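Encoded as structure tokens, the structure appears first; notes follow it.
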Amino acid sequence: MASKIHTGRFFEDFKLNEVIQHATPRTITAGDCAMYLAFTGTRNPLHCSTPFAQSLGYTQMPVDDLLAFHIAFGKTVPDISVNAVANLGYADVRFLQPVFVGDTLTTTSTVIGLKQNSSGKNGVVWVRSTSVNQDQQPVLSWVRWVMVHKKNLDVPAPETVIPELPAYVEAQQLRLPEPFTAHHEISVATGGRYFWEDYAVGERLRHPSGLTLNDSDHTMATHLYQNNARLHFDAHLMQSTPQGQRLIYGGVVISACRALSFEGLENALSIAAINGGTHANPSYAGDTIYCMTEVLEQWALPHPQLGALRLRMIGLKNIPPDHVENIKTSQGYHPNVVLDLDITVLIPRKGN
Amino acid sequence: MASKIHTGRFFEDFKLNEVIQHATPRTITAGDCAMYLAFTGTRNPLHCSTPFAQSLGYTQMPVDDLLAFHIAFGKTVPDISVNAVANLGYADVRFLQPVFVGDTLTTTSTVIGLKQNSSGKNGVVWVRSTSVNQDQQPVLSWVRWVMVHKKNLDVPAPETVIPELPAYVEAQQLRLPEPFTAHHEISVATGGRYFWEDYAVGERLRHPSGLTLNDSDHTMATHLYQNNARLHFDAHLMQSTPQGQRLIYGGVVISACRALSFEGLENALSIAAINGGTHANPSYAGDTIYCMTEVLEQWALPHPQLGALRLRMIGLKNIPPDHVENIKTSQGYHPNVVLDLDITVLIPRKGN
Amino acid sequence: MASKIHTGRFFEDFKLNEVIQHATPRTITAGDCAMYLAFTGTRNPLHCSTPFAQSLGYTQMPVDDLLAFHIAFGKTVPDISVNAVANLGYADVRFLQPVFVGDTLTTTSTVIGLKQNSSGKNGVVWVRSTSVNQDQQPVLSWVRWVMVHKKNLDVPAPETVIPELPAYVEAQQLRLPEPFTAHHEISVATGGRYFWEDYAVGERLRHPSGLTLNDSDHTMATHLYQNNARLHFDAHLMQSTPQGQRLIYGGVVISACRALSFEGLENALSIAAINGGTHANPSYAGDTIYCMTEVLEQWALPHPQLGALRLRMIGLKNIPPDHVENIKTSQGYHPNVVLDLDITVLIPRKGN
């Protein structure tokens, strides 16, 4: 009798334009939100105060953007990346609708690119994934590409198709909450005094706080997202790998950086897009994550009260950001850089 | 003044047919369910998707069977097993009604067997425990037996009464959800392609994933269940024992195995019974749990859409299941076997 | 461009009578309550059983008193104690209204005392903090004082004002739940047989259970409370301090002691006041916390069914309470004492 264990797709199993419906529709609850708070310590009032959310025009608190992203993303892992050699990148990640407690997310992916590597042993797969809520409204859409092992080396290489991806999500494509009545009075709830006009392109924010990750917390977070990549959970397996231990899911590092960057970006209420990103080095239990932000662009928006900042969010391990000047040289990334994320946030204008 | 600290019952404190009403009625919340997800990574959509549960005829998501069991079970610990030398076994564990968020469980036990050991220093106590919801409907019923210390060795031995216990819960005694409209389309949500007819008696499923347990996660889980057995929580106490460290509550291992066995049993939506079980060896923080399943019996049921599989669920530590052939020999259990559980699951038929 | 990182107030930044509105209003959810259970293992049915709470006259389960306190308190940290050298004490902590799931707490502090130290390098700041719910009803009020660094040593010392603080909250100032229909039948749910009349001034309860804390659980708890004091989270920073590692937030120790003291105080349903308290020694991951309680006073109350006990709750690390006689000598605290808390609890009378 053939094995009933689904070991996940290998490179030769992906077909261009194939649509993959991922399992495990997921209803988000107040329990998820509380755990996300416990994992990150985030203090953004939009996700922890009903009256604050309502004062901005929301009917209830929206779920943290990254919690929704990690849950939606986790559903793709069993089909897309469980046999991945490497997660190579993200692009064009759009946050299309707020997600609320009680919403159920279902994720689908389409294969949009394929390129077998010259070794013939693996290849790169590009997928566009979309997560919809119970009303079939798209709430998240993103592209990622992974290098996946080939199992049967005799299968001929597919035609190479490399999708064109935008360098960033353009301002006119960003979701703009409507209604949204934010103004400088939100400072009382956020604790932040700086608004869209106050930031300058090229400015660096060296966020001082650090967050040390441990095995229980990173595995609990990754389990909550139902990401089943074995390298995060199986210490016995990892003992015989070069890493020697469980790797921390990159999404845990992204969330740590977003929470750490609250200090100095208190009014950056929502993430509108992740334009691209690289996990430059792995993180392990015991590592302390720090974050540095660089302002890349400052966009006016067709919205009376909001502007956008395109930010470079640099995650560091075991070195505070005031000790790092060069993120990347011709030699590659600084060895303590764990994340290089290009992200667009919405932030109220000062108003008048 | 006499101590007000209730140290729990000793062997001589149990009387045959005595009914013990356990403290701490417990309302189950969405927070419990999220934490259970974080502890186990379970991907069964019945417990994490409201629309999926509703598509099967449930009014809302039922709580994971084992979460309800651990919470109900935890209430018995202060009265039954806080002075236990050993938890010897379970039998006749029946899941009688689904449990929903908002339900409050109250547990009662009846002493159904007593046998003082020949040493005169301890004895075995059998109890049948029943947990009811706020409408007094029984939701769970189980028998377990524990070896308990005697405190006052002068108390004469009670009459020996050993209850007759069924080897397994018979098919006609299983709870069958009504209505329940599952069919092969559930594959979209579960990700599993195999149904009741696809399994064969004697078949073994070697589930590949492993789950490494750590101190924070196992103690948080056991706390959530309000199980107060000291050996799970008190590292200082355990330093002077042969184990030298905190033991992981057996229920944590059962839940890990249930979650790990999802791969290959994706459509085994519900547990209908635990027929028996043994914690063959202890587990400690740092151990990686694996699971292997053997199909023991395959029962048609008086239900148009469901069948039952009686499964032997073997929990292993620090050895993947494809490295283990003999679970038990005349010498006893393989030293890496931590759990030998006989369990009955409900699984939809393929239909037509 | 000036840094946008708010590094918190230094001693010279506090002005007498200044009112500080703290950021991050916080809606409490069922997820918070479940996590609190997982952190502490508390078995008080008032906070985990809706029917029990309703049988006492509550409309729903009130949130654990200390969970509400830690959340309210956490909001003050970024403004008051992020640059603290030491948290010197609490006084006059009053629990004024029950807090329910769905309530949103907002915290404000007033500077009520200032005293620059003779070194000129730091000073003591006293604040009274008040937390209100979404209906602007005060739910918690407390005084604490902290020693805070001076940044600019040239700023002249402020006038010394030391507030008069009560040694304890007097009986007539305690919140008394109304209606409240507790009586000896609550024993079924609490498991406790002792009521107000059964305790005697001077009596000591040596609670036997211990709770070992670990890095993931203490940091997750402190994150849940949105307390951002860096010394709890940043292991890299702490490596170069005398402690060498992350300190456990004192509130985590208070909650551990409250949960451990359930055994012997099962009917002490609510905390009405914290009269004062000291964190006598720090705690670190791996420490096992124990608790000993001494009955200080026994107060009749103007309530038909409730009495109050003023208790001294002693937290110990790595030594069970039956090995400790002298909490404090002229040399100071026993080195294993981590907490000396003066607390008033409400406990039903036996009735008749």
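Letters A, B and C name the chains as they come in the text, with residue numbers starting at 1 for each one.
Here is the rule we go by: a contact is a pair of C-beta atoms (placed from the backbone, for glycine too) under 8 Å apart; a residue touches a chain by one contact, two chains touch by 3 or more.
Model, not experiment: these values are computed from the prediction.
Taking the definition of touch as given, a chain qualifies here only if it contacts subunit A and subunit B alike; those chains are C.
Two copies of one sequence, subunit B and subunit C, touch each other mainly through non-matching residues, since under half of the numbers at the interface are common to both. Our note on geometry: subunit B versus subunit C, Cα centroid distance of 36 Å, whole angstroms. With touch defined as above, residues shared between interfaces to two or more other chains in subunit A number as follows: 29-32, 34-35, 214-217, 220. Only residues 29-35, 37-41, 43, 45, 48-52, 61, 188-194, 198-200, 203, 205-212, 214-217, 220, 263-266, 286, 288, 290, 318-320 of subunit B touch subunit A when the two sit together in their complex. Residue ranges on subunit C touching subunit A, taken from their complex, read 1, 3-7, 21-27, 29-32, 34-35, 78, 102, 104, 134, 214-217, 219-224, 226, 228, 230, 233-237, 246.
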